[in-house]
Amino acid sequence: MAVTLGELAVRFGLTLRGNPDRPIDHVGTLAGAGPRGLAFFSNPKLIDQLVSANAGAIVLHPNMQDATPLDCLLASNPHASFARIATMLHPPLGGAKGVHPSAVLAPDAVVDPSAHIGPQVVVGARSRIGARTYIGPGCVVGEDVTLGDDVRLVARVTVLEGVSIGARSILHPGSVVGSEGFGYAPEGERWIHVPQVGSVLIGEDVEVGANTTIDRGALEDTEIGDGVKIDNLVQIGHNCKIGTHTALAGCVGLAGSSHIGARCRIGGGVGVAGHLSICDDVSLMAMSFVTTDIREPGVYAGGSIPIEPAADWRRIVGRLKRIDGLNRRVGKLERQVGTKENVADEERS
Amino acid sequence: MAVTLGELAVRFGLTLRGNPDRPIDHVGTLAGAGPRGLAFFSNPKLIDQLVSANAGAIVLHPNMQDATPLDCLLASNPHASFARIATMLHPPLGGAKGVHPSAVLAPDAVVDPSAHIGPQVVVGARSRIGARTYIGPGCVVGEDVTLGDDVRLVARVTVLEGVSIGARSILHPGSVVGSEGFGYAPEGERWIHVPQVGSVLIGEDVEVGANTTIDRGALEDTEIGDGVKIDNLVQIGHNCKIGTHTALAGCVGLAGSSHIGARCRIGGGVGVAGHLSICDDVSLMAMSFVTTDIREPGVYAGGSIPIEPAADWRRIVGRLKRIDGLNRRVGKLERQVGTKENVADEERS
Amino acid sequence: MAVTLGELAVRFGLTLRGNPDRPIDHVGTLAGAGPRGLAFFSNPKLIDQLVSANAGAIVLHPNMQDATPLDCLLASNPHASFARIATMLHPPLGGAKGVHPSAVLAPDAVVDPSAHIGPQVVVGARSRIGARTYIGPGCVVGEDVTLGDDVRLVARVTVLEGVSIGARSILHPGSVVGSEGFGYAPEGERWIHVPQVGSVLIGEDVEVGANTTIDRGALEDTEIGDGVKIDNLVQIGHNCKIGTHTALAGCVGLAGSSHIGARCRIGGGVGVAGHLSICDDVSLMAMSFVTTDIREPGVYAGGSIPIEPAADWRRIVGRLKRIDGLNRRVGKLERQVGTKENVADEERS
């Protein structure tokens, strides 16, 4: 679709500088968008890219408008405005209303007539599918599932029995919601399977990444708050609770019964041990490992020491593993050089 | 379904204390189970929860029976007894016997008449499906596969050609068994694909978590012993062998030809390098990294250092990387303060 | 199929030593291959296995031919020659030409008549499927996808709209190519979804492992070079570029906009932060964590410290976290023992 720059300014409440009649039909990078393309600029460090840009128009902050002669839309949050315009120009693939003939629906599933049920889909008994909800090819929806309005299961998603998913949430391909968690009772050397009778409650505006897994609760429910964004290949154990607007990057693992607060940012590859609480507004750097509660907002790191050339790394590891010996040597030196102060230092450190 | 507390006591060989006629129809938490709900108690640290419990009845150890006035079932292993009762009260979703009309079965597949083959399933040539086995929606079973009795493929599981799965095993959604492993022969700068002609043998009572992958052997078979429990998003490389009753938590990666003993407990996110052996009865703490054989039973850790505030962590990492310099400084001090003993210390440490 | 050893020698350009009429019908290990089986030998450390081998014939280097009395094929690269012979003896499961009646194809999809479209497959509008390409059961191919000749989607693979995959590439079960990456614009406490309008370009002879995910580009394309081999459960973020013939082992995570050079070897579990460049010919040891550019070829490690018994590890971690204190104690000793040299050491370290 094509709209004019003037129409975009009106529709998204932005200030126009330049030609209101310029047609815009796609978004792109500063360098790659064509004369009908819209780019955005928000990072002052990349100002060189702005100078050499040749997009049709640029969304940027009013402060930066003097840095380019190109047509502009001025926005207080250029990235967010760009995201909204991009969604209008590049809507997700739709699908005809109704049920594809190859889909298998339980007779008592309740599907809104405006929903799209794609090819090779299965929908179980008593499930309810909301208005304009899109169930892409190869998805499996179990029994007693509730999908709100405008939900999107992209393709080959599995949503198991009893799960509830709020409006406008997006589940990417291969994701699994409601699998039975790792619940076993030890008996001698064996593990006895414990049925997982809780469910999963997913809020509104949530995203679940490709091949991510969210286990159902053991006795109570696993809960994912409104606006939570979960990247690919993330594991969320049974009974986890994640607060609103928290974002989890790829390859994160949350063990069972971890509680994460609201507005947290969990970096890629982070591991969180079970039965922990992390308070609101915590950022965890990538590859961190959390084994205790976090009670203060802030930025935390730990876990992985960044790389070195392999020979150096092996020498460092060897020394690190002998740090106890080094500590003893320093203690001995302190006693030899010997003042009371030294001994006090040793005890404190 | 509902049964009386007295019937449960008889059926599961437990001692009843309280009203044998109390109807029980579900399991739940101490706080959340209703008057017809059964909870369990096994962790003395949580005794406060027991005091405030309002479940219909509680499974607990005889030692703890004085701590609650509620009806009780007394069990030497309360969690295991609870698991068995829960399985009776909350059986997994079944399915009608027979083959759904949308399933595609090879003409020479052999399916027990008591098995359930769900919608959109594919079963390949010469595969054999055991009695009461459940193949949920969207599963793909390749050629020459053997599924024992009472096996359960929950949904969208892939089991590739020649794989064998023992009785009562459960494969969770998205899991893949029998994929070709990472086998390549280097030739100049290229990698030549090496066909993986081994298979995967999975024992009885095994569980394979959601989106977990188990590669087939290169020339011999990958083997998963009886009673092994594997959580979600685990990668098991070609030719791995895992001993009976070992449990692997989420996000574990085993490189090719790793051998894990029986009754091991592998924590979440653990990485095991290839061609290693880990003996029986080893526990690996979460996020550990194993690069050598483990020959003694016990608990091992290593890999990730738990988190700190990010500024502290950056300072620690800086110091850790300069530990060689610190070691040299201590050595120099020892020589200056100077006794033979010091020099010997330095050499030992 | 069976061929004679002489035919193999001619066909693969190898030197025969022994009986040219020996029939060969499978590959196997040195110990496990039967009299009609072919094994290979390339690791001099395993020469004991060669001595006790009882395969029908062995592919090995001319230098090693005196170490066995068995029939041999002599090859300068025994593993690569073995791989090629194994591919001939054990071809991947084929499928009849044509489209299975349960598959759902868009009317304007263009499928080469020699391609195989298996059961329960979905192919979207305007997609083009090359000659002899195999689309296994349960795969979903979106709109405007291009699959080259001899491509193989094993089973339950998802390839989303606009993705292009080069000739002879293999995608293993559960893999997802073209999912929308983790792109959000922060606005207050919320995240606004940014449509990902780039695509994924996959070269020729690429492999994508089981349940691996490759995100589409945000504005430009994610690019995977010719000959790249990606293992299972790998996450490749939006806008990543991977150079030719690079191999990534299982459980690797590449954050968005990471660029990896050609001929790199990335070990299992490695994490690479976003917006980094790694040059050609870099090897990263397993479980490494990369947070800065790598500009020199070589072997790098870091991240995880290999395991210790858990009690030792806890003591080591405690000391490591107090390394700052230890450093201060050494500095104080140096000032007390006191020479200018010491002070200079302190400043340098």
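Letters A, B and C name the chains as they come in the text, with residue numbers starting at 1 for each one.
Note that in this section a residue touches a chain if its C-beta (ideal position, glycine included) is under 8 Å from a C-beta of that chain, and two chains touch if they have at least 3 such contacts.
Just so we're clear, the structure is a prediction, and the values are computed from it rather than from any experiment.
The touch graph of the protein chains shown is complete. The copies chain B and chain C differ by a rotation of 120 degrees on their C-alpha atoms, rounded to the nearest 5.
For the self-contact between chain A and chain C, the two sides draw on mostly distinct residue numbers; the shared fraction is below half. Rounded to whole angstrom units, the spacing between the C-alpha centres of chain A and chain C is 25. Among the residues of chain A, those in touch with two or more other chains are 102, 120, 138, 156, 174, 211, 233, 251, 287, 303-306, 308, 320, 323, 326, 330, 333, 337. Put simply, chain A touches chain C in their complex at residues 26-29, 32, 77, 79-80, 82-84, 86-87, 90, 92-93, 100, 102, 118-120, 136-138, 154-156, 170, 172-174, 205, 207, 209-211, 227, 229, 231-233, 244-245, 247, 249-251, 262-263, 268-269, 286-287, 303-311, 313-314, 317, 320-321, 323-324, 326-327, 330, 333-334, 337, 339, 342, 345-346, 348-349.
Within the complex formed with chain C, the chain B residues making contact are 102, 104, 120, 122, 138, 140, 142-143, 156, 158, 160-161, 174, 176, 179-180, 182, 184-187, 189-195, 197, 211, 213, 215, 219-220, 233, 235, 237, 251, 253, 255, 271, 273, 283-285, 287-292, 294, 298-306, 308, 315-316, 319-320, 322-323, 325-326, 328-330, 332-333, 336-337.
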